[in-house]
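Only one structure is covered here, and it is reproduced in the block below.
Chains here go by letter, A, B and C, matching the order in which they are written, and residues are numbered from 1 within each.
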Amino acid sequence: MPLTDPDRLFPVEPTLRGLARALYDSVANLPIISPHGHCDPRWFAENDRFPNPAELFVIPDHYVFRMLVSQGVPMTDLGVPRVDGGATETDPRKIWRCFADHQHLFRATPSAMWLDHSLEHVFGVDVALSPDTANDIYDHIDGKLAAPEFRPRALFESFKIDALATTEGALDDLHWHRQIRESGWKGRVVTTYRPDAVVDPEFEGFADNVAELGRITGEDTSTWAGYLAAHRARRAYFKEFGATASDHGHPTARTEDLPPDAAEALFFKALLGTCTADEADAFRGHMLTEMARMSLEDGLTLQIHPGSRRNHNAAVFARHGRDRGFDIPGRTDYVAALKPLLGAVGMEPGLTIIVFTLDETAYGRELAPLAGAYPALKLGPPWWFFDSYEGIKRFRETTTETCGFYNTAGFNDDTRAFCSIPARHDVSRRSDSAYLANLVATGRLREADAFEVAHDLAYGLAKTAYQL
Amino acid sequence: MPLTDPDRLFPVEPTLRGLARALYDSVANLPIISPHGHCDPRWFAENDRFPNPAELFVIPDHYVFRMLVSQGVPMTDLGVPRVDGGATETDPRKIWRCFADHQHLFRATPSAMWLDHSLEHVFGVDVALSPDTANDIYDHIDGKLAAPEFRPRALFESFKIDALATTEGALDDLHWHRQIRESGWKGRVVTTYRPDAVVDPEFEGFADNVAELGRITGEDTSTWAGYLAAHRARRAYFKEFGATASDHGHPTARTEDLPPDAAEALFFKALLGTCTADEADAFRGHMLTEMARMSLEDGLTLQIHPGSRRNHNAAVFARHGRDRGFDIPGRTDYVAALKPLLGAVGMEPGLTIIVFTLDETAYGRELAPLAGAYPALKLGPPWWFFDSYEGIKRFRETTTETCGFYNTAGFNDDTRAFCSIPARHDVSRRSDSAYLANLVATGRLREADAFEVAHDLAYGLAKTAYQL
Amino acid sequence: MPLTDPDRLFPVEPTLRGLARALYDSVANLPIISPHGHCDPRWFAENDRFPNPAELFVIPDHYVFRMLVSQGVPMTDLGVPRVDGGATETDPRKIWRCFADHQHLFRATPSAMWLDHSLEHVFGVDVALSPDTANDIYDHIDGKLAAPEFRPRALFESFKIDALATTEGALDDLHWHRQIRESGWKGRVVTTYRPDAVVDPEFEGFADNVAELGRITGEDTSTWAGYLAAHRARRAYFKEFGATASDHGHPTARTEDLPPDAAEALFFKALLGTCTADEADAFRGHMLTEMARMSLEDGLTLQIHPGSRRNHNAAVFARHGRDRGFDIPGRTDYVAALKPLLGAVGMEPGLTIIVFTLDETAYGRELAPLAGAYPALKLGPPWWFFDSYEGIKRFRETTTETCGFYNTAGFNDDTRAFCSIPARHDVSRRSDSAYLANLVATGRLREADAFEVAHDLAYGLAKTAYQL
C-alpha cells in the first residue's frame, strides 16, 4: 500500500474522480516552473550532499517547527539556532525523533502531505513516519543523501525543474549564482531582485545599506537620482544572473505615486532615520511605483507580497531572530492601497505586476475585480498558509468567476524546503484538476477547454508571467 | 449536442442531481420577476429592432469588455464611446470578431454561461462562439434581430416576464415609461426612484440638480422642507409609472438619523458645495433615513446598494466616463453603519429595506444576524461579481442558517443586457435548486418544504419584497 | 419514518457516507463534556419539573424568538418579559401555537434541527411541529415533563453528561451550586468565573460591583492591590465549586499589558466613572492579562469571547433588556489585539487561553496562524450563529491546514436550552465526521488516524482544554 493515495485530492464521486484523474494525468509530468522561492543557490553552486534528515526537513522549515512549538516543544529542542549562540540541540537524530513523536499534530495539514510525498517519491520510503519508524527512516534517508543521485543538481534534474528562481537581497554579490554559471551546469537557477533592505526605512541598518548600495554600484546614493540610478544598475546586474522579476515584502499593500521632490524629501528623512511610521510606509509604497517604472524599462516582473505582520512575539524574535514561524497574516486593503500604483502604470499592457495576499477576504471583493480590469495586474497563487488543497480551492472559487484564469499567474512553491518542491507542485496540479473536473461536470467549462486550462495553470501561466 | 448542458450547475452525485433536477423542473418555467435592473425603457416604448450583435452583447456590457481590457485590448477596439468624442471602433462585425477571438478569457465565468444560454435559447445557435464561428453567428443573430419576434416587446413576452423594473434618476421625466403606458401594450415595465444625483453632495452638479428638482416639482428646494416635499412629490410621480421601490447606490452603508436642524444645516452646506467628504457621507446617510420615513408613508421598498468604489482608474474615467468596469468593491461595515436607520425604522413591520453587499464577509457576520432580527430588513440577492453559481452558493451557505430564507428578497438580475435576463434567472434557479437538493439529501430540509422554498426563491419572495 | 434522518449531515456520495457513518458511530455515544454554557444551576439544585413547552423551547431561547420577531411578531406575543413589567403573553399554549405557526421560518436552520432532535430523541415525538400538530405535541411534552424521568437531574443523566459548566458572575454566592453539592447528587455541574460586571468599567454599576466584591472577599477593593487580591480570592471560591475556567465577553479582542502604575491609574478612573471609551476598553484589555497571570497561579483556563456588539436596538433594549437576539457580531482584529497578552504569557506551555470569534474571516488569516504558533493559545469551537453544519465546516476548512486539530478545544454548546444539549453535540459530532470522512477519502488523513481524531474532537480535546 503506497504511503500516498494515488487519487489524493480528487473528488470522491466516480465521474468527477475520473475526470480529475484524466486532467491530472495530462499535466502530472510537465516540467516544473518554480518562479518564486527561497532555495539556497549555494546548494547548486557547490553541489555538496545535504547533511542529514533533520537539516533537510525540520530545522529550516518554520512551518514544521512552529507546529511543535505551538504544543509546547521548545525551539531549542528542534535545533533552531539562537541569536546569542546559546545551546540548541545539535544531534540531528534527536531532532528527527522529536519530529516523529509529534506527527499527529500534522494530521490533515499540507506539511503532512508534503512530507509523505517527499518520503515516498524522493526517498522511496513506504511507511509513515512515527516513533516506531523514526530511526529506520532516518537511516534510510541519510544513506540516500550520500549517493550522487541525491546531490542537489541531480535532484534538480530528477525533479524536472525547467527553471528555479531564488531570492537575493539587493546587496548580494550573487557569487553562488556566478559559481553556478561558471560551472557549466545546465540547470536554470535564476535570481530575483529583493531590495527590502534598501527600500524599507525601517529595515535594520537602512542608511548603511543604502550607502553600501552606492559603493557597489558606483552611484551616489546620498542623492535621490543616484539612489534610483543605483537600483537601475543593480537590477541590470541581477538580470545578468537570470533575474526576470523583483519581489517586495511589505507589511501593507500601500503604494504611492509622489511628486519627485516629495519622494526625495522622504528619502532624505529615511536616510536620517527620522521617518515616522507612516512616512516609512509611504516611502516603501512610493518605491513600488518607482520599481514598476523601472520594470517598464527593463522588463522585470514586479511581485508584491503584502500583509504579513512579522515577528509577532518579541521574545522569540530576541532569542531566535526572523522567520521563526511567528509571522502572522493581517487584514490588508488593496482597493485604495494599489490605486496610486495602478493609476501610474496599471493600464500598461507590457507590464506584469503580480499581487499576493494573506487576506483571503480580498480575493473576491478586491483582487479579482482589480485583476479583471487592469491589464498590468495578475493574481499570484495562494501564499503561505494557503498553498494547500483548501486554500487553492477557495482561491479558484472566489476569483475565477470574476477575473477568469488568464489574470492569474500559475503556481509558486515559495519554499526553502527543496525536496518538497515536487510535492507542492503536485498538490497544486491535483487541486486545480479537482476544481476543473467539477466545472466540467457541472456544465461550466467544456472538457477540451479544461485540458488546455490545466496545462496553463500547471505550466504556461507561470512561464509567461515570469518570462521563464 | 446542445451548447449548454441541460444539467448544468446541478451536483454530480446521482441522488443529488435527481433531486436538484426535480426542484429545478418545478420552477424552471415560472414567470420572471425582474424587480431591479437597468434595461432601457426606450426599447419597449419604441419597440425598434436591436441594431446588431455587438451592440447587444459587447458594447453596453462592462462585464464583457472589462475582461478583454484586462488582457490589454484597448476599449476603443471594442467600440466603447469616448468622452471627447474621439475615434472608437464603429464596425460591429470587427468588435464581434475581437470578442470571439478572446472567448478563452471567459472560461468558467458567468459571462460565458449567460452568453451560451442567450445564443442557444434566445437565438437558436448550437455552436460555441469562436474565431471560426464568429461570422456565421453574427449573421445568424443579425438575421434574427430583423424578425418581429425579436423586437423588444416580443422578447419580453417570450421571456415570460411578469414585471420588469428599470431605474431612472429623480429628474427623469419618464417619457419612455409614459410612451409605454400610452401605447396600450400590456407588458409591465415599471420605473424605480433613484435619487443619487439629488441626494449625494458629491454628485456632479448637485446644486443644479436640486434646483431642477424644485423646478419640476414646483417646490422650493432651497429650503430643507421644500427639498423633502420635492422628494415626496417626485416619488408620487414615479409611483404613477409603476414604481414600487427606490434605490440608492452609496460608497458606504453609512446611515444617520440627524435632528432636523442638523440635517438642514448639512443640506445648506451641500448646496453651497462646502461639505467635507465626511459631511457629504453623513448627508447621504441621513437621506436614507428620510427616504425610509417617506417609505412608511408611500409604501416604496427601499434598496441600499453600498460598497462600490466607483471609477477606480482616473485615466479610464477621463477618457470613457462612468460604468466602464472599473468600479471595485470595498470592505463595508453594516453593524454600526445601519444602526441609525434601524434605530429609527428597523422595527416597523410594514416597511421593507433591502440591503445588498459587495463585501461577502458581511453576510454571515453582520447582514444575516441583522436581517434575522429586524422586521424591516431583508437581504438582497448576490450582486454584481457574485450573481453567479459560486456567489449564490456562498450567499446561501453563509446566510440561511442565521436568517433563514424568509428574510431574503428573491433574485435580481440587475442587468442592462436584456437578452441575458432569462439566463441569469435560470442560473439563480439552478443554483438554488442545487443548494436545496443538498439540504434535503443531508436531512436539513424536508423534501416537500424544499419545493415550496424553491418556488419562493424563484418567484414569491421577489414579488412580495417588491410588491410586484 | 423518523422525524430526523439517521444519516443527516453526512455526505451523500455512498463511499463518503459510509465512512462518515462509521466515524460517527464510533463517537455517537461518548459522554458529553459541556464545558461552557448558560444552564441554570437552580434546575439541578431544586430538581423541580420544567414548567411547560413554551418555557422550555421558546421564551428563554433568543435564537428562536428573534426569528419570529424578524418577521414582525411582537416579542410580547412570545411571552418575552418586559423591563417595565408591562403586559406580555402568559398563556404558554398560545405562545407555543405562535411558534408552531411560524415553523417555515426555521427551514434549514440549526434551530429546526435542534428542535426536531429534541422532540424525537428527548420526548419521543414522531411528527413535525406545525399548526396542525401544535396542540398534540404540547400536551405530549407537558405530560412527559410531569414524569420523574424528565426532571432536570434525570435528564442530565440520560443525556450522559460527564460534566456541565454553568456561568456565574463574580458576585454570585453560588448557592445553587452549594445546594447541588450538599444534595449528594453525583452529577458534575461546575461553575465558571465570569467577572464582566467587576472588570468592565462600562458595566452598569461598576463601582458598586467592585465595592461589593470587596465586601464579600474581605479585601479592600478601593486599592489596585486589593482589587487584584479580591479576584484571586473569588477565583479560589469558584474553584471550590468546581470551576476550571474563567470567561470574558468583551466587545473587542483588545488586550493590554500595562505597567502597574498605569493599570492602577486606569482602575481609579474606572471607579470614578471617568474613563473614556478607549480607556474602558484598555482596562478590560489589561484585565485579561491579569486574569491570565492568575491562571498561571491557579490553573483556570481563560476563555475570551470577543466581538459581539450587544443590544443593537435601543428600543428593544429599553423595553426588554439584555439578551434579546439583538446582539450582532462585528469585525474583530486579533493579530494586534492579542499581541500584549501573548507577549506576556503566550509562550507558557502550562496555560490555556481559548479564543472564540464571531468574525469568521479571522479564522484562516489570524486565529489559526496564532494558535499554530503560541503554546498557550487554543481555538474555541464555532460560536453562536456558527455552531451549525456550515459553520463547523468552514471552521475546519479554514483552520485545520494551518493549526491542525490539536490547537483547537473541542465542542461547546454554549446554550441555556438544556434539552438541546444532546442535539447540539450530535450536530458537532456528525459535522466533524463528515469533514473527516472527506479527508480520508481524498487521501489527506489516514483512516485509523481519523477515528482517533473523531474521538478527540468529540470528547478528548474539550476534556483536556478545560481540565474536566
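Throughout what follows, a contact is a pair of C-beta atoms (placed from the backbone, for glycine too) under 8 Å apart; a residue touches a chain by one contact, two chains touch by 3 or more.
As the structure is a computational prediction, the values presented were derived from the model and not from experiment.
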Open item on the list: Quick check for you: after a Cα superposition of chain B on chain C, what is the rotation angle, between 0 and 180°, in steps of 5?
Closed with: 120
Open item on the list: For chain A versus chain B, which are copies of one sequence, does the interface use mostly the same residue numbers on each side, meaning over half shared, or is it different?
Closed with: different
- [ ] Please work out the Cα centroid separation of chain A and chain B, and write it as a whole number of Å.
- [x] 40
TODO: Among the residues of chain C, pick out those that touch two or more other chains and give their numbers.
DONE: 11, 13, 361
Task: Contact footprint of chain C on chain B as seen in their complex - done: 11, 13, 15-16, 333, 335-336, 339, 342-343, 346-347, 349, 361, 364-366, 368-375, 377, 397-398, 400-407, 438-439, 441-446, 449, 452-453
Task: chain B contact footprint on chain C (complex, rising order) - done: 4-5, 7-13, 66-67, 69-72, 104-110, 112-113, 128, 309, 312-316, 325-326, 328-331, 358-361, 385-386, 388-391
